[in-house]
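Next up: the structures, one after another.
Across the two complexes that follow, subunit A remains constant while its partner is subunit B and subsequently subunit C.
Entry: the complex of A and B
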């Protein structure tokens, strides 16, 4: 979604209209609204050992973080976390490959494109629990055992693939086709044009799609819950905890998963920025 | 010479030795490229939906389900007052949340695209809006509990400021809490597509409108909104369907005062009553399809997206 931001320069001496201040305050208030409850969660995850799930803070400790890693104490969070990462990795890889290919295919008109397009829209807006229900029914019909990398993967792909396809539409919309024409004029074959010109130019957008698919899968609950089989992912473990107990451990999990998300985003952004800088440097040299 | 040009140069030298290859027609290439997507969507979305349709006509009792063609599941569903109630309540939430997220989403996107001058500030602000999205939705939902509760952060602050004497009771486990949580979860779904549409508008158009004497309001109504309608439609579809398909938020935040369509359905699934659950699923799918279809009739999303 970072690609949504265009660059636009205007005379910096121009006076700000009143709408600027109105919208700036709205934006500020929204950010406050967005972060207020999150900050409460981060704070309460450091609750003292005798404290509860609400204020006041009774001291300050790492008890609840330790709780997460204690086996037997509660659901096996670290293992579920590992599964979630593995599944999200597979989902994002498949989403990248399949939606980039489909995005390329959609650039020229072909019979049946309308059907696939509306199928993707329908799949995107399908109430999520129903997807799991349907896939689960199908597995039951064939007498297959639902599992992490079969039914759960399939249910998640019905959500990440349409997302990937629409994101690729946005990426291709910004792509200047004259680069490809230049490559063809210079005699590149279709494959060479794709590998040496199109894909490298689109790479930041493609990484964005992968990142989006990763987070969609990593947080996915409603689609997965009916088709997971016996090996739970992290959101399912969290759900079990929410309905069974209320201790600051949940908040500690929230803080920890947020930290992991930050790490993933940080790495991805660093990669994209590096790429852009290298490109800018290359462009200057020539 | 840029990197891509260099690689084209290298590629050219290699090409001199390449043998002529099998040429596929563009149509076949497109089919091959879109094929995997199509196969997955048909296998795991379209076929399971057909399965609902079939199973929704089945008969069932406490021990199992039996192939049949009966309309009882639909009749039971459509004659229960609870069905109507839960649809009305979900639609009410959907409209309220849609209105709020559209207002917030459009204004925030507009601010980010047209008012923020430095692209670094814009990227940082956009990321700030997006970061909470990367925390589990379940945790973002329960995050409101210590904030809105009777002794929660919000009540404590208001009491300390002496704005209120008694803690406000309506904040948590109420319709209010449900709406707040939805807005918290889904506003970004509105900001993203609208910002995408707005960033395609040439700022010169706005200047032209101003030079031609249009007021801010007229420019907004006659230029900006028509040009961003694809984003508005996409965001609306996403928010609407998320609320209609919600299963966790209403259950967790309403304190049992209202149910959602899907949580009622989940109860039937857990009781292994697949035929009535399928009938209920079919009705919901039809309902969502009509809603989305209606919105896509108003705005031709496809024409705008696929170019």
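Entry: the complex of A and C
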């Protein structure tokens, strides 16, 4: 339907008002503003060995990329990157499990469901630095050592869980309950219904929530910075570098991490497409 | 699961008092949503192996009644019996019913054959066996060639057949159909209607079919149940309901009737039994022609009485064109006493 409207060709005699051009220019400027700085960073990361952090480009090289993996000041970057990936993986897994369960639970109002919902929402508007500070204080109070998979994990979950919950509400909103009634009618127990009907139908939405949580965690800074302990994640490590040095290596890191993000998204999309194609192929095999 | 099926039939045979003349009995069944009463002490007996249509406008309680029989809605009050055993508090799977949903609710991630075999899989039947069974039921609805397709690759009519096979594979005593034809185009609707009736006859089980279309109900039903505001207004064979509507609601809802007043009492006269004539021809009411609609074999003359009530006259086309009238003409609507049928209440 949407496609049909979108592809409907415009009659050449149909004149566009001047506001169309004004708003189109505004939109173009917005895109330039959005992507311009990033493009500059990507370009400058290929700066020649004698160049600096600003234009002009003095030649073209991969020196700064090589720098990342050399022992020395950059030694922590690959390790931090590994930590970030691991943490983001755990965060995304926990977010999926908890927000799917919560989404299932919130479909029917229960005593106190309103209060719990608003408490979850409130955590989204809380100043992020304060949340991190609070978690840090809590750990100090109990005399626990802040670390990657304890305090940092907790601080990031305060951010990804409300987000995951909201996304799951949207996913469940579009879910037709008659699928579940049909499953019950056909003799499925509550558990069978969940495993064989509800979760498979919701899977694309659940993968989406997982990806969202992954990216939120992967570049989280404000909540994590006060509770990370001794082992930095990638954003914290980069921030430390920015304040101590300035060379195109920083840009190279930016380019590399962006590439990784795209890689993660690309792999996820490929997996989903493969799944769909395999289903369609099975379906054709008649 | 096999054991459960056995227990149901065992209780069916074990109790001497069980009345096996009826597949479904509703005893003062009530459904309340908060303070609103959707179904109000409805009692109904559906004979063995019959096609029953629950008919009524939206919000009349027909779907709630169906869902209570299915076990997808809790019964607020009253009892539901299937083949003599009280199933009021049993889960859907132990009632001997199967439901076909309005949007069919085929599982989008499963192929047709896996959709049909779903109930067997839940019981732990092996793959080879359940696929063989599913193929049999797909063949019953002429869908065996589509076994490996996904629901999204089928047309509405094909999806409906698969949904039917999926419901029938549970070997229900009562098949419940929630507006099964509403999603189909008019042409397909007629064909599927015939097929539903054929299946019901061949399988020898009871179908309960919810619809808001009186045509559908009259074409299909052995027992037609007209509902309104949570009450049954009339239940009986379609011909009985059409020829002797119990009250003005039924007469109006099933259509084809004029509701006129004669001697201070409400009467119903079929529109095709009314004529345009003169005052001397018998019981009559005068007024004027409001509109004329050509319908092919018949012509419908919309009539407005002097008192401002609407009526219509269905005339065979040759009768109309022998003596045509035009909108605005003064006219007299006449009928004979034997065609008038007194209505109870309003």
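One rule holds for everything that comes next: the second predicted complex is superposed on the first by the 243 of 286 C-alpha atoms of A that agree within 3 Å, B and C clash if a C-alpha of one lies under 4 Å from a C-alpha of the other, contacts with A are read in each partner's own complex, and residues count from 1 in each chain.
Quick note on the criterion: a contact is a pair of C-beta atoms (placed from the backbone, for glycine too) under 8 Å apart; a residue touches a chain by one contact, two chains touch by 3 or more.
Just so it is clear, the structure is predicted and the values come from calculations on it, not from any experiment.
Now for A:253: first (subunit B), second (subunit C), both, or neither, which partner does it touch?
first
Could you say whether A:215 touches subunit B, subunit C, both of them, or neither, answering first, second, both or neither?
Touch partner of A:215: subunit B, not subunit C.
Does subunit B (first) or subunit C (second) touch A:226, or do both, or does neither?
So A:226 only meets subunit B here.
On the A-aligned overlay, A:34 touches which partner chain: subunit B = first, subunit C = second, or both, or neither?
In the superposed model, A:34 contacts subunit B only, not subunit C.
Of the two partners subunit B and subunit C, indicate the one touching more residues belonging to subunit A.
Partner touching more subunit A residues in the overlay: B.
Look at A:201 in the shared chain and tell me whether it touches subunit B only, subunit C only, both, or neither; answer first, second, both or neither.
A:201: touches subunit B and subunit C.
A:179 in the overlay: touching subunit B, subunit C, both, or neither? Say first, second, both or neither.
Touch partners of A:179: subunit B and subunit C.
According to the stated criteria, A:142 is in contact with first (subunit B), second (subunit C), both, or neither; which is it?
Once the two structures are laid over each other on A, A:142 reaches no partner at all.
Indicate the residue numbers of subunit A shared between its subunit B interface and its subunit C interface, in ascending order.
In subunit A, positions 179, 182-183, 186-189, 192, 196-197, 200-201, 279, 282-283, 286 sit in both the subunit B and subunit C interfaces.
Using the touch definition from the top, list the residues of subunit A that touch subunit B in their complex.
1-2, 4-10, 12, 16-17, 19-20, 23-24, 26-27, 30-31, 33-38, 40-41, 44, 53-55, 97-99, 101-102, 104-106, 108, 110-114, 116-117, 119-131, 133-135, 137-138, 141, 154-155, 157-158, 161-162, 165-166, 169-170, 173, 179, 182-183, 186-189, 192, 196-197, 200-201, 215, 219, 221-222, 226, 234-235, 238-239, 242, 250-251, 253-254, 257-258, 261-262, 264-265, 279, 282-283, 286
Inside the complex, what are the residues of subunit B that reach subunit A?
That would be residues 1-5, 7-12, 14-15, 18, 21, 26-27, 29-34, 36-38, 40-49, 51-52, 55, 104, 107-108, 110-115, 117, 119, 122-123, 125-140, 142-147, 149, 151-153, 156, 184, 187, 192, 195-196, 199-200, 203, 216, 234, 237-238, 241, 244-245, 247-248, 252, 261-262, 265-266, 269, 274, 277-278, 281, 284-285, 288-289, 292, 296, 301-302, 305-307 of subunit B.
Tell me, which parts of subunit C touch subunit A in their complex?
Residues 1, 70, 72, 91-93, 97-99, 101-103, 105, 107-109, 111, 118-119, 121-123, 145-150, 153, 166-167, 170.
Using the touch rule from the top, collect the residues of subunit A that touch subunit C in their complex.
Of all residues in subunit A, those touching subunit C are 176, 178-179, 181-189, 192, 196-197, 200-201, 203, 279-280, 282-286.
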